[in-house]
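Sharing a structure, written as structure tokens. Questions coming.
As written, the chain order gives the labels A, B, C and D, with residue 1 at the start of each chain.
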Amino acid sequence: MMNDNVVSFFSEAPPYQALNEKLTYLLNFDTRGMMAFVVYFVAAFVVVNVMALIGGLGTYAERKISADIQMRQGPNRVGPFGLLQFLADGVKMIMKEDILPKAADKYLFFIAPILCMVGVFATLAVLPFSSGFTLTHLNIGVFYVLGVSSLVGVGIFLGGYSSNSKWSMLGGMRGASQIISYEVPVTLSIIAMVMLGGGLNFQTIVDGQGGLPHQWFIFHNPFTIISFVVFFIGMLAETNRAPFDLPEAESELVSGYHTEFTGMRFAFFALAEYVEVFVVCGVAAALYLGGYQVPFGLSSLEFLHTKVGLPMAPARMIGQFLEIGGFVTKTVLLYYVVIWIRWTLPRLRVDQLMTLCWKYLTPIALFNLVGIAVWIYLFNGESMWNLVFKTGAAAAGHH
Amino acid sequence: MFDNFLFLSSAALTVCGALAVVLAPNLMHACTYLLTTLIGVSGLYVTLSADFLAATQLVVYVGGVVILMLFAIMLTGGNDNKSVNKFGIEKVAPMGNAKTFTLAGFSALIMALVILKIIANVNKATPKTELPPYETTVEKIGELLITDHVLAFEISSVLLLGALIGAALIARPRRREE
Amino acid sequence: MEYTLGSILPIVLGPFLAFAVNVFLVKRWTKLGVFLSCFGMFVSLFYSFRIFKDFVFGKYSTDYYVHKVFTWFDLKAAGISDFAVDMGIYLDNMSAVMLFMVAGCAFLIHIFSTYYMAEDKRFGRFFVYLSLFTTGMLGLVLSDNLLSVFIFWELMGFCSYSLIGFYYEKEGAGNASMKAFMTTRIGDVFFLVGILAIWTTVGSVRFTDIYAAISSGAFDGLTAVGIPLATFAAFSIFMGTIGKSAQFPLQVWLPDAMWGPTPCSALIHAATMVAAGVYLSLRMYPLMELGGITTFIAYIGAITAFGAATIALVQTDIKAVLAYSTISQLGYMVLGIGVGAYNAAFMHLITHAVFKACLFLSAGSVIHSLHDHHTHAHVQEMPRMGGLRKKMPLTFLAMLCCTFAIAGFPLFSGFVSKDRILGDALVMASHSKAYWIPAFLGFTAALLTAFYMFRMMFLTFFGEPRDKDLYDHTHVEKLSWNRNVPLLILTVFTLGAWYSGNFFGAWVKVPGVEHKEWFATLIEKPHVEKFKAYKSLPFGSVDTGADRVFEESHYDPDHGMSKEEAHHVHLIHNIGAWASIVIALSGWFIAFMMYSKRSWNPGRWVNTFSGWYRALQNKYYFDDLYVKGVLQRGLLPFNNLLARFDMGVYDKYAIDGWEAVNRFFYRIARWVDNVIVDSIGVDGTGASVRFFNVILRTFQNGKIQFYFIVFLFVMVGYIWKLV
Amino acid sequence: MITLSSYLAISFALFVCGIAVMIARKNIIAILLGIELILNSAALNFAAYTRFVNHNLDGHIMSLFIIVIAAAEAAVGLAIVIRFFQIRESIHIDDATQLLQ
């Protein structure tokens, strides 16, 4: 197979190979495929459920942080510190009546939340949690994320359209146009990172960075900082987060494209949104902030196995978990910033939104693309810190 | 096994979606069926070791064309299937009636016969060789685009720019200043 | 000193360009157009004066100058005949004086018109006509051949038509314009015939060629319609003069020309139209002499002078009096030509132009001042005037001077010129009995002239105002420069001293002569013998040196006569002069007694000669004769006869018969047309086109899906064929 | 066994469906849907042939350009449709017969 994935990670472990031989012997056919399928299925199941959990926790975090910013208590009744609030909400959602508006287009009403969910959760397949535990290190991972996540736009639009309500319709239109528009600067920023990393694979990009901030792509050169800002703003707009939450602007459109949705359908939308925020924060972390890289190579097998002296299998597993920890830390910090922005900045108008996209972000992103390309050409792809250190070393060498 | 599974599911998506596009009585629904077809074709590209093509298919069609179609349908109220126009003059229903479907079926049948006549010989004509292994195509396509096919690449970029400007120009409503 | 075209052509081009531009300025920029017309006239006057100065005071005094401008048409080059017409310029003493007179008078009349016509609704258009009219006269004077003379002649005819009919709303004006046009046409036809006769004989129409032909005897022995060709040609050309200069029997148009605005009358009567006829006769004088019609000319002139003077006796319209006086004076000129008083005739042309222009302008200012408040019209009737001396002293002064001039009082210009014509007439009478009658008529006309002119003066300016209301409403004349300046200038030039050698001889250095009249010195009677040396001169040359005709200018009052004869002539001239003075004074006395002192009652005379009076009132029944006699008795029956022939014979047989033949062919053609061309050709083409159209229309129905299906099936066919 | 023929069959199905849509529908946007189907079948054919016969990437390039052109066509086509709708208030294909004359 051409791509590294979670199966290939496990298949290198001796217990996996032993189990495989035993099963082949017992069942009298080559069970490698079946084993791979089972392992992959289990891994995917775990990832999806964990992400759903994280999405639920996202709603909790949102409420808690907003309460903190607004000097309130926030949810604090269900469980310790109200931690189980999202479970209670989930139960409430399931118990609620599933209302289907009479004039709605039933088929589209049905598939719209699903499209959103599919689009978001399909991106999880390439999200680089760690070097081993990623579902797949697809060789066109970044491109895949862009393609699949555009399903969300379709879902939002159909959700708005199928409700047969003017609020929903306006919200859906706003959402779709906003997502399409902001894809341009976001894609241009991502392309710059792809140039720096040298591939469309997330693994390649992450491996091109280091564990320490000066090795991250965000601080690679001055242009990348701007690129990160553009990407982050575009990311906010793509996920319909404040200050770009026009599709679901409460003060104007009741609740935007999901006004007519109740129960689990609404839950799907909400979940998709929070998970998508997590995903794009992860992508930002992977592209700009070193992804799953851990400082000082603490997670590497070389360090854990040879220097610390742990056995092979535990060392690998500990390394992977350290990487996951690094990735999730960065992602959650970004997540916090997103929520913080939501409760800080007022909402934009539609024309301001479009002006920002087409008149500012897109030209800036184009300029950045050219600038980064020139930087790569001039300095052979080295970061500015490297250049500084080199000149410093050269100066030192003269003494 | 996994290849076969992927192929079969993609083929099913594609063909079913296409048939649904033909038969759907609702244009909006037909558009979503087209979406499934496009995703299925994308899957077929994957089985053909055309990974970049598959992703491009997703980005361009799902992210662009289908949403454009949906927008256009919504803006033109194209979802109605009334068989009279705004002046009350009777005409063929926009989504077709029995007559048009008969005509279409006939034409499709003729076309099918011809095409079947062509592809009946393909299996015999193509040599049975060992298929190359799956490998990444992005780098090679990139190289080809800026070496062998650079002219087509530039022309298509100019075409896209022209299409962009032209579409914006055409669709802009003209202000009536009297 | 060579004349270039640039120093001659502006004389004509000035008014002509003013006209051409003015045509487009008439409606909107009237003032600008009027100014342009006046300016064009000024340019013309300026260049005219340069030439006048050169010829009169300079060394060109006896030369003439020929300049080719362009070749109009050249039948020689086309191979049709050996006839070519070159448009050229001919300048000699006479044309130089004439040019200055015409340009000067026209310029002053232009200036006066800006006063007189200022309130007219067609102010601008009047100047358009004036400019074109002046262009015609100046072009005629500059012409070097009869054909271009004829062209400008007709141009003037058209302009006089337009100007006489200027107030075309009035029926009389329209009729008068047509009458003038038609009457002069009769003369013009003869003139054209004369030109053709000269062309067939000489092969050219240039003056120099004609003179050369006359002197070389080209006309000898040739006849036309039974009379000598020279006589025929001379008579024809003189008929042109009769028409243009309103001689008997074609004088009827000139009185009616009074319908035009007064400045245009001044122009027609003084400088341009009528002068052209006399000028032509003077130019062609050698031919007249050769043709031997001088006696005839003298009779015509004398009859015209006398007859017009008698009619003028009874006119009450101030302009009509002046009009008949014009005819009368023109008669004097023609009489002068007839009796061989060549330079006297030309001199009378000039002096008459000046004082008649002045008279008309004065009359115009009188008429302009008298405004009837009831009819809102200007008053021209003398019985309603009287006592205007106090209201308009300047006009009175001008008119008085002019009257002295025309009546032949000493020291005034009329005396100088008219006395010499009458003197020469007496000389001729002393030689031949045939000339007694013209001479007598001339003297009688002089008496009548003095009488009716003073009658006009007395009726207008003296006595008590007869229409009190009109008089009270008349304002004392204002000092408007554009009225007074032309009047005063013309008045100054009515003095005889300007023309008389006695006054001028000491100052004007005429070569060879120092104590004689400059006018008589410059204008020499061309003797036929002298034309022997004429030959067709090349263009663009000043005739100098050996070939010069007038080798030495000298005044020869004896005309080559012997001492006794010369003494006789001088004696008769003296008698004539004294007789003129006596006659003028007696004319004044009769008028004074009748209209100022009122001792003699004119009514008694009218009763005594009531038949004559009626005849005079009706202008000797000439209009009646022409209308009732010529037109109704002669022309109309003839026309009816022709019409009957036309309808009865020509129409019936030739045209109807031809129609029957045509109808026959038409039937055949119709059958061919209907059956073969229409049914098979045209309808068949249509049907075939419609047939294919039905097929093609079903294919091009605009439905994309249809196109697509067709395309699909064609493609299927191709693929089926290929695979 | 997945062979070239299986891809060709799918492509064939797409093509025939596209033609059926183009002829059966009277809505211009629906016709555009049919065109998309046909373009996809062509692109799929290129990819399949380059996989099974040619073993190089020229077919991918062709498919890529087909996708690009399809995108341009959809953009311009839909713009024209919207403009047409603004003028005629209809997107019925039989109303678009002005070029007949």
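Quick note on the criterion: contacts are C-beta pairs under 8 Å (C-beta built on N, C-alpha and C of every residue); 3 or more make two chains touch, one makes a residue touch a chain.
This structure is a prediction, so every number in the text was calculated from the model and none was measured.
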Separation of mean Cα positions, chain B and chain A [Å, integer]: 29
Distance between the centres, which are taken as Cα means, of chain D and chain A, whole angstrom: 34
Centroid spacing, where centroids are CA-atom means, of chain A and chain C in whole angstrom: 111
Centroid spacing, where centroids are CA-atom means, of chain C and chain D in whole angstrom: 93
Residues within chain C bordering two or more other chains: 709, 712
Multi-partner residues of chain D (each touching 2 or more other chains): 19, 22-23, 26, 94
Contact graph of the chains (line, ring, star, complete, other): other
Every chain pair meeting the contact rule: A-B, B-C, B-D, C-D
Chain D partner contacts - residues on chain C that touch it in the complex: 700-705, 708-709, 712
Footprint of chain C on chain D - complex, ascending: 19, 22-23, 26, 31, 93-94, 96-100
Touch list for chain A against partner chain B, complex: 1-2, 33, 37, 105, 107-108, 111, 138-140, 143-144, 146-148, 150-151, 153-154, 157-158, 161, 169, 173, 176-177, 180, 183, 199-200
Contacting residues of chain C [partner chain B, same complex]: 709, 712-713, 716, 719-720, 723
Complex interface listing, chain B residues touching chain D: 3-4, 7, 11, 14-15, 18-19, 21-22, 27, 30-31, 34, 37-38, 41, 44-45, 47-50, 52-53, 56-57, 60-61, 64-65, 68-69, 71-73, 75-76, 78, 85-86, 91-96, 100-101, 103-105, 107-108, 111-112, 115-116, 119, 122-123, 126, 129, 131-132, 137, 140-141, 144-145, 149, 152, 156, 159-160, 162-164, 166-171, 173
